[in-house]
Amino acid sequence: MSVQPIIGRNVVIEDDVTFGVNVVIGHNTVILKGTQIGDNVEIGANCVLGITPGGNKRMRQQTLASQPLIIGNHTTIGNMASIYLNTTIAENVFIGDHASIRENVSIGKGTVIGRNAIVELNTTIGQNCTIQTLSYITGDTILEDEVFIGPCVSMANDKYMGAKDYLLKGPHLKKGVKVGNNATLLPAVTIGAGTIVGGGSVVTKDVGDHLIIAGVPARELK
Amino acid sequence: MSVQPIIGRNVVIEDDVTFGVNVVIGHNTVILKGTQIGDNVEIGANCVLGITPGGNKRMRQQTLASQPLIIGNHTTIGNMASIYLNTTIAENVFIGDHASIRENVSIGKGTVIGRNAIVELNTTIGQNCTIQTLSYITGDTILEDEVFIGPCVSMANDKYMGAKDYLLKGPHLKKGVKVGNNATLLPAVTIGAGTIVGGGSVVTKDVGDHLIIAGVPARELK
Amino acid sequence: MSVQPIIGRNVVIEDDVTFGVNVVIGHNTVILKGTQIGDNVEIGANCVLGITPGGNKRMRQQTLASQPLIIGNHTTIGNMASIYLNTTIAENVFIGDHASIRENVSIGKGTVIGRNAIVELNTTIGQNCTIQTLSYITGDTILEDEVFIGPCVSMANDKYMGAKDYLLKGPHLKKGVKVGNNATLLPAVTIGAGTIVGGGSVVTKDVGDHLIIAGVPARELK
């Protein structure tokens, strides 16, 4: 057991970062103020963890409770990942290279976030989900447990596309939904438990439980 | 007011880089030769700025006027962004984490470039545009002012897909166009002012002003 | 001729890395144990090369012959790229910024891998291919020589979307296939030599040689 973390070269660790036992941190990684890292966590090279949100005048601002980034036991993070503060990552999670996760996100235990996948702010992802490479989980989204998101899936949360201020709402995918690669989910759609969405489909409205849907727009396959 | 930039650890600053006042640069960021940084600019960690184009024998080469990367006042750049030389970024721009912007690009003031969005060479983006996360703005493209590009939008500029040498041409989106998530724009399409393109659509030909289009191929909604 | 590599600042080079002549390595790049770099290779800044695969309990594991990452002569790698061990990259290859290439991959000479493109494990890419920006080449895939993949193309290799264990199989694209931007290829489809797939198409089944196909699902254009 290694009480002190094993730290690569040129690693930057800011103040008030805490480490469990058996932590390994790759070269050139940056861990920002206050980040809390559990036991048996492995972090790759050139990551930036614990980022404070920025923005310009045209972007929505929110007041954040000043909570740190918390990384659970036995979680593994790849190389060049970026993760914000005020986010909680549970145990046994895997986060791939180049992935990016914003603030106010919760990721359940056993979930896999693929390489270059992006999770936006205010989103909740359940346990044992798989979010494959290059998929985009928009803000204000709920993925329940055991959801499978294929590669390059796209979601949106703003039906007015920036034209007015309103309460943004992303998709809600119930337990066990599976979405094929490069499917498009429009803002605020709800997809029922166990439903399968074919690759390349465009989901434009709410869908019931245990269906198989595909096409543009997506319709039930008979 | 801080006349000297506030510079993180392990930052590399090459020769002839200039800084305005109140500049902040994150840990492990690399700023290459000649880059010009304005006042009140914030740059995140692990970025690479001022890159000289490379390539192999099969890629198009162009002779560049040797202009630096210029970053305007009050502009914010996230973490792990890559930006080339000979590009000008105006004031009050926001560039997200993992974004990449090539040479010979101009970005107007107030514009937001999302995380992991990519802007290719020889492209002009107007003022107060929003390019959301994971969108791809191809080379030789014009986005006029106030264009909104949803997440995961794709564009192309080569209708022969590498089969012959010709003058590449990307899309031209006129003022206030809005494009929904994961839409596909084929090479050289022009989209008229104020037109709205639905999420998941494939735009195959020129479209007039102030229309709403959707589908594969995209057609006007009645 | 420079016998010793020209190495930027804060570069980390682990044990048993070998260099040919005239090698240039950018600032803050990390080269992990055993990586073999040929002659006249240029590598950008903030890369991580020679990565050992990780994972969590829910991800497939494979026993790897412990081969290094091998990078051929005259190959150029951009900035912030991540490449795994047990992969061979031939001569005169170009790999763009933010690109990521997994283990057990072979890339033929003269091939271009675009910025932010991702190549998954156990995939073979032939000579003189072009994989454009943000495209996703899934695992267990074959791209023969002279294949052109436009930007934002998506592929899948798991028709059960994680629901059962079976032998994953990605697409097989024969010599000279061209795929337009943001097209979707479903698992295990074979596309015949010289066939052209339109932008935004969804390819759901095998396709013959020298056809032009487009649409959702993709059909031959008459």
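Read from first to last, the chains carry the letters A, B and C; within each, the first residue is number 1.
In this section, a contact is a pair of C-beta atoms (placed from the backbone, for glycine too) under 8 Å apart; a residue touches a chain by one contact, two chains touch by 3 or more.
Note that this is a predicted model, so its numbers are computed, not measured.
Asker: Would the interface of chain A with chain C count as same or different, where same needs over half of all numbers used to appear in both copies?
Answerer: different
Asker: Upon optimal superposition of chain B on chain C over Cα atoms, what rotation angle is obtained, reported to the nearest 5 degrees?
Answerer: Best-fit rotation on C-alpha atoms: 120 degrees.
Asker: How many Å are there between the centre of chain A and the centre of chain C, using C-alpha atoms for each centre?
Answerer: 24
Asker: Going by the contact rule already set, what residues in chain B reach two or more other chains?
Answerer: Each of 10, 28, 46, 80, 98, 116, 134, 152, 182, 216 in chain B touches at least two other chains.
Asker: Would you pull the chain C residues touching chain B in the complex into a rising list?
Answerer: Residues in contact with chain B: 8-10, 26-28, 42, 44-46, 74-76, 78-80, 92-94, 97-98, 110, 112, 115-116, 128, 130, 133-134, 148, 150-152, 178-182, 196, 199-200, 215-216.
Asker: State the interface residues of chain A toward chain B in the complex, per the touch definition above.
Answerer: Residue positions touching the partner: 10, 12, 28, 30, 46, 48, 51, 54-59, 80, 82, 98, 100, 116, 118, 120, 134, 136, 138, 152, 154-156, 158, 161-163, 182, 184, 186, 202, 204, 216.
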